[in-house]
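The following pair of complexes shares a single chain, subunit A, combined with subunit B in the former and subunit C in the latter.
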Partner chain A sequence: MSGTAPTHGHSRTLFWAAAALSVLMFLPMAWVLVLSVTENEALSRGTEAAFSGPYTLKNYTDIAGNSGVFRWFANSLVVAVGQTIGVLILASLAGYAFGRLEWPGRRLVFVIVLFGLAVPEQAVIIPRHQIFSTLNLHNTYIALILPGLSLPFGVFLMTQFFRAIPPEIDEAAALDNASRWRIFWKVLLPLTLPAQATLGIFTFLFAWNDYWWPLISATDKDMYTLTVGIASSQVNFAQTEGLGFLAAQAVFAALPVLIVYIIFQKHVVTAVSGGAVK
Partner chain B sequence: MAAPHRQSRPSNALFAAPYLVVFVALLVVPLCWGVYLSLQKADLFGLYGYTGWTNYARVLGDALFWQAVRNTVVFVAVTVPVLVAIGLFLGLALNARTRGAAFMRGVYFSSTVLSVTIVTLIWRFVFIPGDGLLSLAFEAMGWPPIGFLSTQGWSLFSVGVATVWWCLGLPMILILAALQQIPGDLYEAAALDNASRWRTFTRVTLPQIRNTLILVATIQIVMQFQLFGQAQLMTNGGPNGTSRPMVLYIYRAAFENWDVGQGAAASELLFLIILVAAMGQFWITNRGNKA
Partner chain C sequence: MSASIDIHHLTKRFGALTVLDDISLAIEDGEFVVFLGPSGCGKSTLLRMIAGLEAVNEGEIALGGRRIDTLPPGERGVAMVFQSYALYPHMTVRQNMAFGLENVGTPRDEIARRTDAAAKVLEIDHLLERKPQMLSGGQRQRVAIGRAIVKEPRAFLFDEPLSNLDAALRGRTRLELAQLHQRLGTTMIFVTHDQVEAMTLADRIVVMHDRRIEQIGTPMEIYQRPATKFVAGFVGAPAMSMLPLSGVTRGPLGARLEVAGVGHIDSAVTLPEGFATQGASIGIRAEDTRPDAGADTGADRGTGAGPDMNTGSNTGSGPNTGPGSLPLTVDVIERLGDRTLLHGHLPDGTVLVAQDTGRSQVAPGQVVPVGVDPHAVHVFDAAGRAHHAGEVR
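Our next item is the complex of A and B:
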């Protein structure tokens, strides 16, 4: 493999520097991990206890006894899965229409949708909050899921993927007089499966980690998502149930995304780089 | 002649319709409604009529708003160059087809997938006085302790450290993708000319990834101007508002003081500032392109 193009200009010194500096990435995470398995009473006398123990898994079993955290976890799962399914459906249909079909005004509408990429959340969040207030929908899953479906990123990504499919494929199907829906569903959609996986994982992570919207929409403790729930329990940092318990919550909340990330690393990376670099 | 399915038909738009409905209802309408709200006297319970530029005048006359603007601009001006530099360094260091490089890429991107609440929780465990990792390290070294989250100057700095740690994955990945698209023969030509490593870097690598560096900077400017969760959770803007960014100001106005009109006006101003900053940065960096 040596001498292949991508390794040109690569420096071993730089690599080892980056490897050494990765300690700074690890260290804060490792610190929280160690705190989470240290006995709470020992920590309350001083966090030096993290270096000497006693160690225990009690902080984690305490989470099991704390129904709130599980409820928030379930809420996050419903919201993230719901948003992922919704985005995949809407973005695939729209991607087909924008990338594969011709209709009056297509270009203009697509440009307007692309402009949507530039709208920051803070410019729309107050009116959104009012809309859902008027409809009396706050503290529902619908309110937590819907705003995420309006983001143009998925449409942008799927349009690119539909465009990249060779035209011969649906031309052949069109000769057989297949309807547009049939071509979409039977011929083209299966070809976009890798793109679906990429967009799906990206949307899932994005929804799982969303903070501001659930913070203002889900005010009822039972409707908190995990991000908001964990935020609420760290507000009174000093007076919490204990640093060890708090650290265990952080690990418990971080694990699902880290696992999803480790399994689907390639797709995550394609999603973030594929959309931007052309 | 176009193939039959490529013919322009209005009914083709139906495939885009479901998304467009959501797009209009939850993005276009709120965007316009926000402008309308900023010109109204409004609170949680309703609208009390057109007030012209009153909300804007109130925001612009508020010392706290200008403090937030200053904090945010300083924050962006420091974190964005740092993020681009780290991204470039990691891109160059980890652009290799080895297991080690792949593993390191995974490590450096891992923080990006965490939510802001976990990131801030992790860094609070590092920064808290007395019990934090840094506090213990300072104690071991015999240095006087620093209240990182509660001291003027240090609080915004600490928020910045957590932010850089959280956000460095995206610049790295984008720059890596650009580095991998540089044609190998450019490097071969440079090698034939006996160009030094530094010369190859400045004459071949940098010009080739120039557009990506601009893109990365633009994305980061837009993102870092929207700093919110880290500041809210780590310092809550304190002490005395010295780490309060604009979005936290908007959040306070609209969702804590329920002064919806003022919040809307402030968010339109922030939108304007982001547009100007992103376009200004794009314009300045592109001007050199033509010269």
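Our next item is the complex of A and C:
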């Protein structure tokens, strides 16, 4: 659909509808972008200053000087990357075990894992808090990363993917004298790359945007993730002061997500459309 | 390098379901053996047990005299070509072929040498850097065979490798497989339910049915002297006609076989004393019939139907067109060019297919007296065991 000129009446309608939606989606982002280069002083008198200026890059240079934004950015990066790698490893191994290996109790364990899909974070957040408190792990990367690793959806996705690979492929590899590990690593895992990409992107985005758990676990300013940090610097709830600076921080926070998206755009589209787009 | 395969009292169960029951089979070194049988009879299961992809419940498998049924697949020294080819989608053709050698630590230059040699033989050397998705079905099939060849296995196992190819390509590949076998001289087992593949490729055919081996023999043995009623009906096209046997008397050459309400057929079959006709049947192939349409069909037929007809003409005309004839009411005429098949029924309703010359003048509805070559008549007892006339001709 992208790029091709609409020819039929039907696809023309679709095109304009999609275009309108895109504009609608883009407007708030553009708004934040403009705010981020508008002087705080002017904005405090009224946000219409965004249309008139004066404009400045001071908000961005302020990020460098002020606050722990870089520290928070680094924290977010560690947490998001750590969680992504962890989820990919765990989900791949679990998916292989559920989708490929025969072992007693497999169905039961799989069902139990799937039940995890139905448990909302809110339901477990207090016991989780207490566990990490007891273990004295709050304000550590481990505390920020660990809960995100149990991702039933990831296990489910990888299981489905491993199941979809014809068993003859494993059998051929076994006849080719490949060890079980080699079959997993050299033959099956490369075939799950599309699923890995999908799962990786979602895990990364989710971890990057996560707010609630870091808010609870990281009480030390130095352990804030970017989401918590930015929220904490938002002292003025009327949002009349330092609005431009806040917007600049938001833009800065969104950058990695944007970069990840641009790099893996194709896979994100595939993931969202449920694999229908090949 | 090639090796014999010995299977002793092999039994396979999937849960409560027994799919192979006490199978014993000896395959000689360098032999081309075809497992033939209807869908679900356990051909693939038997092959997969030899490959090590299915566990053995009871019995033993030996390759080259060494027991292999407890070894993992990779250490058995066999290579398998799957019906679906099972190429590694993310590897190039070269990598596909090299993978098995890399796993056992074959030196790089040796891998390259073998891969190139196999690719050349299979005429896929220009495809070595492609991935399987960029290949046609026939090319994928060749890669799958190439992947087996480079391993220089002691036996090749093929599970219906031709069934995904179109008819023309299937015929060509069949021929190439035969040539490959001749060139390599390696033991090969080939699973199929296509009897043409079985007849053309096999040194020996193993006909399987209902968990058991029905018969093991050369293609001509299987065709001319089917051991059971099942084999007789399964091998050959059109299928052998089966007539109910109602009584046996002494005829001029052997048993005179009575068909109630139809007449009798003089056969050269010798039946044991006190043969029970209850549930027994007479098997007749279309090509062993002599429909007498009034035209001069006799001369043509002798040459058209092959050497097995010699005895028929040698023994004289007596039983062929005389009073031993079966009155066939022709229902459908099937023209095959070189011959014509007359599908019809006898007075008792039994269906019979007779074969006439290519220029047959018979019309539907016509009643044609059909003679039968007495030496090509088969009798099956109630248990399905066959009785044939004399020696293999």
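In this text, the second predicted complex is superposed on the first by the 238 of 278 C-alpha atoms of A that agree within 3 Å, B and C clash if a C-alpha of one lies under 4 Å from a C-alpha of the other, contacts with A are read in each partner's own complex, and residues count from 1 in each chain.
In the analysis below, a contact is a pair of C-beta atoms (placed from the backbone, for glycine too) under 8 Å apart; a residue touches a chain by one contact, two chains touch by 3 or more.
Remember, it's a predicted structure, so these values are computed and weren't measured experimentally.
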Partner chain in contact with A:Glu171 - subunit B first, subunit C second, else both or neither: both
Which superposed partner A:Leu191 touches (first subunit B, second subunit C, both, neither): second
Partner touching more residues of subunit A, whether subunit B or subunit C: B
Subunit B versus subunit C as contact partner of A:Thr227, first or second or both or neither: first
First (subunit B), second (subunit C), both or neither touched by A:Arg182: second
Which superposed partner A:Ala19 touches (first subunit B, second subunit C, both, neither): first
Set intersection of subunit A contacts, subunit C complex versus subunit B complex: 171, 174
Interfacial residue positions of subunit A with respect to subunit B in the complex: 1, 4-11, 14-15, 17-19, 22, 24-29, 31-32, 35, 43, 46-48, 89-91, 93-94, 96-98, 101-106, 109, 113, 116, 118-131, 146-147, 149-152, 155, 167, 170-171, 174, 180, 183-184, 205, 208-212, 216, 226-228, 230-231, 234, 237, 243, 246-247, 249-250, 253-254, 257-258, 260-262, 265, 268-269, 272-273, 276-277
Complex interface listing, subunit C residues touching subunit A: 51-53, 72-75, 78-80, 82, 84, 86-90, 99-100, 103-104, 147, 151
Touching residues on subunit A, where the partner in the complex is subunit C: 166, 168-169, 171-179, 182, 186-187, 190-191, 193
Touch list for subunit B against partner subunit A, complex: 2-16, 18-20, 22-23, 25-31, 33-34, 37, 89-90, 92-97, 100-101, 104-111, 113-118, 120-126, 128, 130-133, 136, 165, 170, 173-174, 176-184, 187-188, 197, 200-201, 204-205, 212, 215, 219, 222, 225-226, 228-229, 233, 247, 250-251, 254-255, 260, 263-264, 267-268, 270-271, 274-275
